[in-house]
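Let me begin by handing over the structure; questions about it come next.
Note that the chains take the letters A, B, C and D in the order they are written out, and that residue 1 is the start of every chain.
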Amino acid sequence: MTKFCLTVTCPSKRGIVAAIANYIAETGCNITDSAQFDDADNGQFFMRISAEAETGATLEALREGFAAVAQPFAMNYEFHDQDTTMKVVIMVSRFGHCLNDLLYRVRIGALPIEIVAVISNHMDYQKVVVNHDIPFHCIKVTKDNKPQAEARIMEIVEETGAELIVLARYMQILSDAMCQKMSGRIINIHHSFLPSFKGANPYKQAYERGVKLIGATSHYVTADLDEGPIIEQDIVRITQSQSASDYVSLGRDVEAGVLARAIHAHAHHRVFMNGNKTVVFPASPGSYSSKRMG
Amino acid sequence: MTKFCLTVTCPSKRGIVAAIANYIAETGCNITDSAQFDDADNGQFFMRISAEAETGATLEALREGFAAVAQPFAMNYEFHDQDTTMKVVIMVSRFGHCLNDLLYRVRIGALPIEIVAVISNHMDYQKVVVNHDIPFHCIKVTKDNKPQAEARIMEIVEETGAELIVLARYMQILSDAMCQKMSGRIINIHHSFLPSFKGANPYKQAYERGVKLIGATSHYVTADLDEGPIIEQDIVRITQSQSASDYVSLGRDVEAGVLARAIHAHAHHRVFMNGNKTVVFPASPGSYSSKRMG
Amino acid sequence: MTKFCLTVTCPSKRGIVAAIANYIAETGCNITDSAQFDDADNGQFFMRISAEAETGATLEALREGFAAVAQPFAMNYEFHDQDTTMKVVIMVSRFGHCLNDLLYRVRIGALPIEIVAVISNHMDYQKVVVNHDIPFHCIKVTKDNKPQAEARIMEIVEETGAELIVLARYMQILSDAMCQKMSGRIINIHHSFLPSFKGANPYKQAYERGVKLIGATSHYVTADLDEGPIIEQDIVRITQSQSASDYVSLGRDVEAGVLARAIHAHAHHRVFMNGNKTVVFPASPGSYSSKRMG
Amino acid sequence: MTKFCLTVTCPSKRGIVAAIANYIAETGCNITDSAQFDDADNGQFFMRISAEAETGATLEALREGFAAVAQPFAMNYEFHDQDTTMKVVIMVSRFGHCLNDLLYRVRIGALPIEIVAVISNHMDYQKVVVNHDIPFHCIKVTKDNKPQAEARIMEIVEETGAELIVLARYMQILSDAMCQKMSGRIINIHHSFLPSFKGANPYKQAYERGVKLIGATSHYVTADLDEGPIIEQDIVRITQSQSASDYVSLGRDVEAGVLARAIHAHAHHRVFMNGNKTVVFPASPGSYSSKRMG
């Protein structure tokens, strides 16, 4: 039995939910989970539905038939098979904790993604990546070769069919062109509680300001550095007894957790861009379960 | 324009959401928020919808017309006017922090409740209650007069039309008869992270066990002491440097917060009993807003 | 038996702890709690000791005799009687939750402070303050009368012997002169996770930025608005379903808790200014206990 | 320059701190961090001091000379070189997340331990352990061979000089004899917020009880199952939408974090057994820093 999730955005209007729910019922599907959000500020409607095709409807047929429902409401919509994993390219520089964390989560089936490539501007993690039977690409970036380097990255994205790039502590700034081209398809982890401490050395900035909590922020990448729509944030308490190098260590767990939760939400189609903000719906039942023990 | 929320429970079945959404649309209402839960264990379906009657439908008419929708699905349902406050009786013994907290929240309009009476087995809080223009009843409870005392309590509940009793650190155990009669209508705050440390002196028990976090639990009251369906819980970190009397103080804020959140959820019709558990849906947009500044 | 706490700051140097501990022992006192911090960045040493004068030494004698210990190390030091409450002036504008929270905590003996006056630029809270038998002063502030208004505030501070001013959501900016005069003696609560969202309307700023956590920050007031040394911070999670007016309500509990913890730390002499940062030592055993139940 | 930490426990008495601090100063050492706790219930004193031997004193000499200080106070004490790593044996069954987490932390130098062996009753993690150049031992445990299996485990502990056994989701119950022999030297992670949900299947128990937070507890192992002194606990929020298998996944991060923090505390000599409780002092400055980036 096909299990799928349907995401819809359109201008808010009476009758949307009925139109969608009718279609789902008429096609023999049962809604097992749903969430909606009406943004009173901009009149935009967001919905995510999990359903099961109890009488054998295929995703293709469902998708096709939905066009007639969508048209009068000007809906943007997507049907996603719940058993499909999302292809992801991970990019990393020298801090490897997020990479290590994601490799483990993917290995045990805790995230509905397939890592189709790891790209780094350093060689440090070649061995660990290769040991996971994942292609590793070292693409050095200099002032002079940036366009070529990005072209090579985009080649890999296209060849692998990756739908998402995860910047897992990748320390090179992407060009505006690439950010725009991949809008909503690049997730970054920044090691501060944005909008505090943008740019370089956020832990050092936090130390110097004397904050009592440090944080991490996962966001979509836009041309404005550290300004993209925020998906997830979290914090950890520190005291005067922790130095900036302690922050690096304590922040590691927060960063890895925040990034993993952001990817979980994105890969389960729970995140919607809403201008410079995001709508993030709760996880569906069973979606945290992992397939293996370790 | 009438704003209302509709709650529905019934056996899970294809077409429920469509039937509900159609009715809402046909009656000229717009769904502004919705949440659902299908319990795979017992096949029970739970839904809560917030909607606005954009074309003038009255709640009475909506309620009446819905019977035909509900019947084939064997739905239990309720329509609640969002502008109506729930009448609540608060019961308290000698620890007054939850009472004080609730008085403040109600005063500033942060909870959709009206405190129609405060009942205590002590006189300590008569003055503070009366200063809030709320009737105060001192009902002493002894081994001998328990039935009479409870009869008097129930009289007050009926006279005031209270839909909910909140045990805000009320230290007398209610009779099985009263618990059953008021099933799902009495909320208690227990000062431990249940199911740990049931019964008397939970902070002392926690201190002796040497836990590193202490907690509070808000639950519906059933005949089994401290065993009712849990609505909300939270914790606070402690160290060896805190004594059991420190716990009492640190726990105070957690207790007050947990109880207030449980009442917020219940009074906004976000909580459903589900056997010995609860379903608690997220807060609707704007429902945390308060009317006054202080 | 006199219980006291001793705070010491001086340049870090071998033998400080021994010198202090010897003095304490020689004068017949027993150390029941201690904490120290060596700031490797600036070579500054901070210590706080709780002790009991087991053989009858008076605080006056201890203080006097300590001069000889302090001199060779260039120590700044203070002896504080643990039974003395700190006199505090609270200032508030129109948001009353922090005021209400502090009035309750002081009433039950949960904070070692005495509120000697409440000053407001509005009349809203006169009645509630007077009902607590605390003098209330309404001092309007306009562009023209600011120097006179501050002079009147300082008069009250001096007349009451207040050691601390708490800005409990007081919305007027204090003059540089007053900030400097009262350096380290004014604590503010800002309703954001500083350094994010300085200045006006931080919740609106947070809403527009789309953060997933909102926070509050308690700090000493300096001439640079919202830039003073941070004492305590905390956060609460929000989603797209909360509006800026929901933030105001959800933030209220965080603000009140953060401010109360900052005052607890300050009034127990656990906070040290360290340039633009603070050193905050853990609470001593028993220091959270309160005297009354409600 | 030798950096060391000194831990002391003895009956509480005036002059202890002075005696210790004098010795430290006289031997040319500078105290950089200290914490103490007086247990008012049992009159026991606990202290941990970090210091630097600025004038060349060796740890051996310091240890020897301290005997004269310790004797009149009946002190138990230990001097630990801060650059020494603690030898640890990790035991694991089929859930590998804590093992994976610890391997990573040790690899980047975030914990002051050396994993000298991994013992499992299954073969699942042989490859990953061997790839870290750590000896892997598969020791099957049956009803019949338990004494022999434990004898083999103890042999490995003795051969490797391990000071600590970490049960990283090891699902066999150790014999009373082994628990007693290794008292204070075996740390377990239990996947519930103890004392709730002892024994088997705690997540299933939690699911059936309908709690709103699930937790993990790290504790020293004693003959009473899940009753040993608690070192560290933490929780994560769940809702009705999470099943028991979701708990397993969500709990994984909490378990790994709690266990790592407990080991950090133990290996830095910050944990003291105090009857059935523990004293856990804060981390010293810099002690969270790790040596490598990934």
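One rule holds for everything that comes next: contacts are C-beta pairs under 8 Å (C-beta built on N, C-alpha and C of every residue); 3 or more make two chains touch, one makes a residue touch a chain.
Keep in mind that this is a model prediction, so the values were computed, not measured.
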Between A-B and A-D, the pair with more C-beta contacts: A-D
Interface sides of chain C and chain D: same vs different residues, half threshold: same
Chain of greatest Cα-centre distance to chain C: A
Chain B and chain D: spacing of chain centres that average the CA atoms, whole Å: 41
Chain A-chain B separation of Cα centroids, rounded to whole Å: 36
Where chain B touches two or more other chains, by residue: 33, 37, 40, 239, 241, 243, 282, 285
Chain C - residues contacting chain D, complex: 12-18, 20-22, 24-26, 28-38, 40, 54, 282, 285
Touching residues (chain side chain B, partner chain D) in the complex: 37, 39-40, 193-197, 209-213, 215, 229-235, 239-241, 243, 274, 276-280
List of chain D residues in touch with chain A within their complex: 33, 94-97, 99-100, 104, 108, 110, 124-125, 131, 239, 241-243, 245-246, 248-250, 252-253, 257, 282-290, 293-294
